[in-house]
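Chain naming follows the written order as A, B, C and D, and within any one chain the residues start at number 1.
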């Protein structure tokens, strides 16, 4: 896009404009998603608890509930406790949000539709996603309340621990693909559903579930929401927050959920490729068998379909997390750590070795068409 | 008057930033009495050095014909980061241990062996 | 007249990095220091990206900012109680430190500004002709002992053995070192109570069993 | 099926199975069943498997080489020789685990394993008290109590297995080195088993005695081995026999006459050979000349002496192992071991190994050596038989009987009766094992070894008495003359016939025959004396009698089996020539069928061919004579001990010098004590005194001198060396104290100094650089 603009504009201006466009698009998406998920969460919770959930605001299904919530939060009084460290207390939510927002920089939405193509996209995503915890810790400390501090401590322990199995699980598809470039990984899974990496071998199939468990834990969702366990810590690190700052934390959480789900979709579930090669049939994607190259506009439309595809997959992931939240009871903190250290890490390591052996034994792959990059 | 933003950056720029970070780190190590503050100073020093490594290894800052460190710079920086992580874990453990024993983290109090 | 985007970004990040570094030095509150350090290191990671070292940059983010600093803050929060958070240094010491810091800075700046003289061409400037090359694969191969970046038409496999060895051994040493550190840190920072009382008593919460001398 | 492959396999397995059992019991013995009872079953299983394999091997051998064609000397049955595993090759010397299998080997395997199996089963009952804690009444501890110890059931069977392995290895060995190894191994087993009740002083003494006396014999054996090795350059039986009995050599019709090997001739003629080498420039020509000279030298008798030495040396070892005349003293004492051990090792197998080895080495022995063997055997048989007359310990009677019978075998071999000697070995193995086991049964029942305390046990122990009677009849050579008899009848007749034949050829050595015939009478006398004293008459000790009982079935069944063998071992299968004697005839070594030529040193000596003794005019009178002397001995025993027409005590008082002489075993022990033990002990004391006075004195004087010097040295050390060191240390310490002030322990200061130092260094470097290197 920057190159396209550079035809008319000086390069620095073109770059700046392109960056602004990307940022706007991503921000819009993230905020929209957060809003939509707040509503969805309420509806899902209601349905699971045999209630209706929001029904009034904005029609039959309470469509506008999220907007109403937002208005309420923005209009609330901004409170900073006396014991708080004002600077850190103010900064913390933005640190969190920044981190979870930056993840989208490297996440592709379709073939080539990515804000910043990175050779090490997987690595970058994992690194940046891990920064979200910093805001939580700072916020918890700066609140000057022991509930908050406890929450922050738990958050630190939990996230630092769960980053290990999460990264291990993410490395396994990377090993199969032979690249950390998410676009390349996504394109590799084009075609039928059995080209998806989750079906590449039995170890990867198990890995997906470990990944999802660890992802849930690393974004502090129930049943791993120890940092904000209301039955023990009032609201954990969020205790002293209210109004807009609280909503920023909230948006960061939803954005993170969506991001890890999207990463799961790309790494395991075929990314923007549907279960059937429909885009190839419709002539919207290049066909390697016939050497067909679609027109730019057709390819654009194909990419759009792909984006819809990946958003559906990511949304399904988030809904799954909601389902888990309203179904499973919360674990104790020692159970959480046991889960990580005694089950997830060894299992992930076994899957890693298993996949390695599998790749060594079947270099071409049994089901997967082209094993490795 | 040269417009600074119109010129491409050179190696010197990176080295200057590295130098500032390094000196900040040294000052931090020297001035802070808090053990963890000293630790942060060490991190700053390491980062200043790392910046130099990366700058020397950067393909963008290479002049015609001048050999750059290339990948070696990256790898050195990588090892520095990894070892810094190890060092931080160790130093923190020591600090915690010290805190448990003396109820303070003031490094000036850590002079028992002198007596 | 034009603006080099690269340069603009560089200045932005450089000012951030230096500013936060100075803030670390000047701040007295240990937690704020940690926060400034995070920002500073993040900016340095940005500088790494800018210099084409994206893998190192990501590593910086992941390990330094994500790991080490969380650890650091952990330590801060475990030890920061009341007066400990602000331990003051005397003015005389500050003066001494400032003097030495200034002279060191002068020396280093002198070295940095004369960096161009170190080479025969006399000038080291940015060369925009280079295209961004992926670095993750060469780094991985180098850690396994193969210097892919030095393989070219003239120096083929035969040269692999001499003079262009990779970093396999340092890599292994570092990994073993990490394990040792992990165990050592866990041992050093373990709870003291366990050393003198059986684990059951320590976790049962029955304080009568605990040795008051602990 | 190729016999040359099947037999090594079968016999090798039979040989190694007991080793496996031994290893298993060593490691798991105490945990096998209750108190190690399972160890017995393991050992029995192993030896039973061995027996089955050995009998299979015997059958295979008989199928391949049927008996009955008469002895065909023109087409002798070749032995199967080979190697399983070469252990080491050093130059010419090759040491290997090899085998040498002929009819004798196969028969020995079958005999040893069958007898051993019977004795194993018997031991299961005999040793049962070792299953629990044992109180040994014969051992008194320092605190006056009797010894209590844990049972050693498994250990007993472990040793038995090791012994079976060693004995079978000795039999199957393919070379002399291997024979020697297993020779020592059976010695070790014997030592271990004699000393089984190690806490008893007598048992440990007996074990030591057996071991040391055997060493004397083994010394001679090593001399013989060295002579053989230096002369022949090989240890393998096969190669030795080929060199000593080359085909087509000698005046005899079938060739294979005894020949002094080239190596021995060369050794004796080394001066002549050196002269030839000096006189002839070309080595090949010299060698050729030597080759031409060899027959001449041989005819001169060069090297014959070495052959005699070799033969005597080997026989020396056999004297020790088979308890022959000068070295016979250990065997009676060896009765300290458990009775099954006496039966297996000290009657049936190990002591017979000496005879076996003489038989195996028969082709190597010159007539002179054979005469020595005969004389030694004769002396032994007479001495032992006389001592047995007065012994009252039931086992000692049997032990002297064993020595005496071994003397018979040696005597037979010495006068050319190869088949007769070895035949007696086999029959003796069966009936002597039987006799020992019966005596064990009696001891088991009465708890005493002393015959004067027994008597009248026939009613209490009918099976034991019956089987023992069979054994006595067999050893006495009972039978219907010229018609049929027990096994001993055949073997002893063979020996006496050969002796008669020999005496006819060499009148000056006729006394050998008379002594042997007299020995037959003595044998009958002391055996029936034993039987009558034990089983007939009235009980002499009511207490013992009251407690006596028949042994359990597990002990009686082996007795019956062995009794059957004692009866039939001498018979051929009716209507055929399938029997032990034809088998041995077939196994006869090459070149020994024709009798021996005149020896070099004893030119008048003639060893008649053995088949001559089968002639009617020799056979019939000898048989009748043997029978009559045996009956005479029996009658005398019956008169004294059964019908009690004469009082034994009166007789012994009447001939008290003789009685005392025999009672004290010809004073042999005292003689050896005086001749060897005392001087050795005195020498040892003398050496100890010299050690104490002279050497220790020297050492003490030296030590004193060193101490003086070191005191001086110490003074120097203190004054100068320590002074210097202390001064250095003080200076260092002072310097350290000063320098310590710099080490404030404040890390921030250190950092500051490092930074300042860096700046200083940089400035210095810039200064130097700009004014020296980069200067104009």
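Definition applied: contacts are C-beta pairs under 8 Å (C-beta built on N, C-alpha and C of every residue); 3 or more make two chains touch, one makes a residue touch a chain.
Bear in mind that the values here come from a model prediction, so they are computed numbers and not experimental data.
Participant: By label order, what chains touch chain A and chain D together?
Facilitator: Joint contacts, listed by label: C.
Participant: Centre to centre, by mean C-alpha position, how many angstrom separate chain A and chain C?
Facilitator: For chain A versus chain C, the centre distance works out to 27 Å.
Participant: If you average the CA atoms of chain B and of chain D, how many Å lie between those two points?
Facilitator: Those two chain centres are 85 Å apart.
Participant: Taking each chain's centre as its mean C-alpha position, how far apart are chain A and chain B in Å?
Facilitator: Distance between chain centres: 32 Å.
Participant: Between chain B and chain C, what distance separates the C-alpha centroids? Give it in angstrom.
Facilitator: Roughly 6 Å, centre to centre.
Participant: Would you give the residues of chain C that are in contact with at least 2 other chains, written as numbers and ranges?
Facilitator: 2-4, 8, 55, 59, 67, 71, 74, 93, 97, 100-101, 104, 111, 135
Participant: Give me the residues of chain B that touch two or more other chains.
Facilitator: As it turns out, chain B has residues touching two or more other chains at 26, 30-33.
Participant: Think of each chain as a node with edges to the chains it touches; is that a line, ring, star, complete or other?
Facilitator: Basically it's none of the tidy shapes, so other.
Participant: Show me the residue ranges of chain D that touch chain B in the complex, using the header's touch definition.
Facilitator: 743-748, 751-752, 755
Participant: Using the touch definition up top, name the residues of chain C that touch chain A in the complex.
Facilitator: It is residues 2-5, 8, 29, 31-32, 35, 38, 54-55, 58-59, 61-62, 65-67, 69-71, 73-74, 77, 134-136 of chain C that touch chain A.
Participant: Flag every residue of chain B that touches chain D in the complex, lowest number first.
Facilitator: 26, 29-33, 38, 107-108, 110-111, 113-114
Participant: What residues on chain B touch chain C, complex-wise?
Facilitator: 3-28, 30-34, 36-37, 39-41, 43-44, 47, 50-51, 54-55, 57-66, 70-71, 73-75, 77-79, 81-90, 92-97, 99-100, 104-106
Participant: Please give the residue numbers of chain C that touch chain D in the complex, ascending.
Facilitator: For this pair, the touching residues of chain C are 93, 96-97, 100-101, 103-104, 107, 111.
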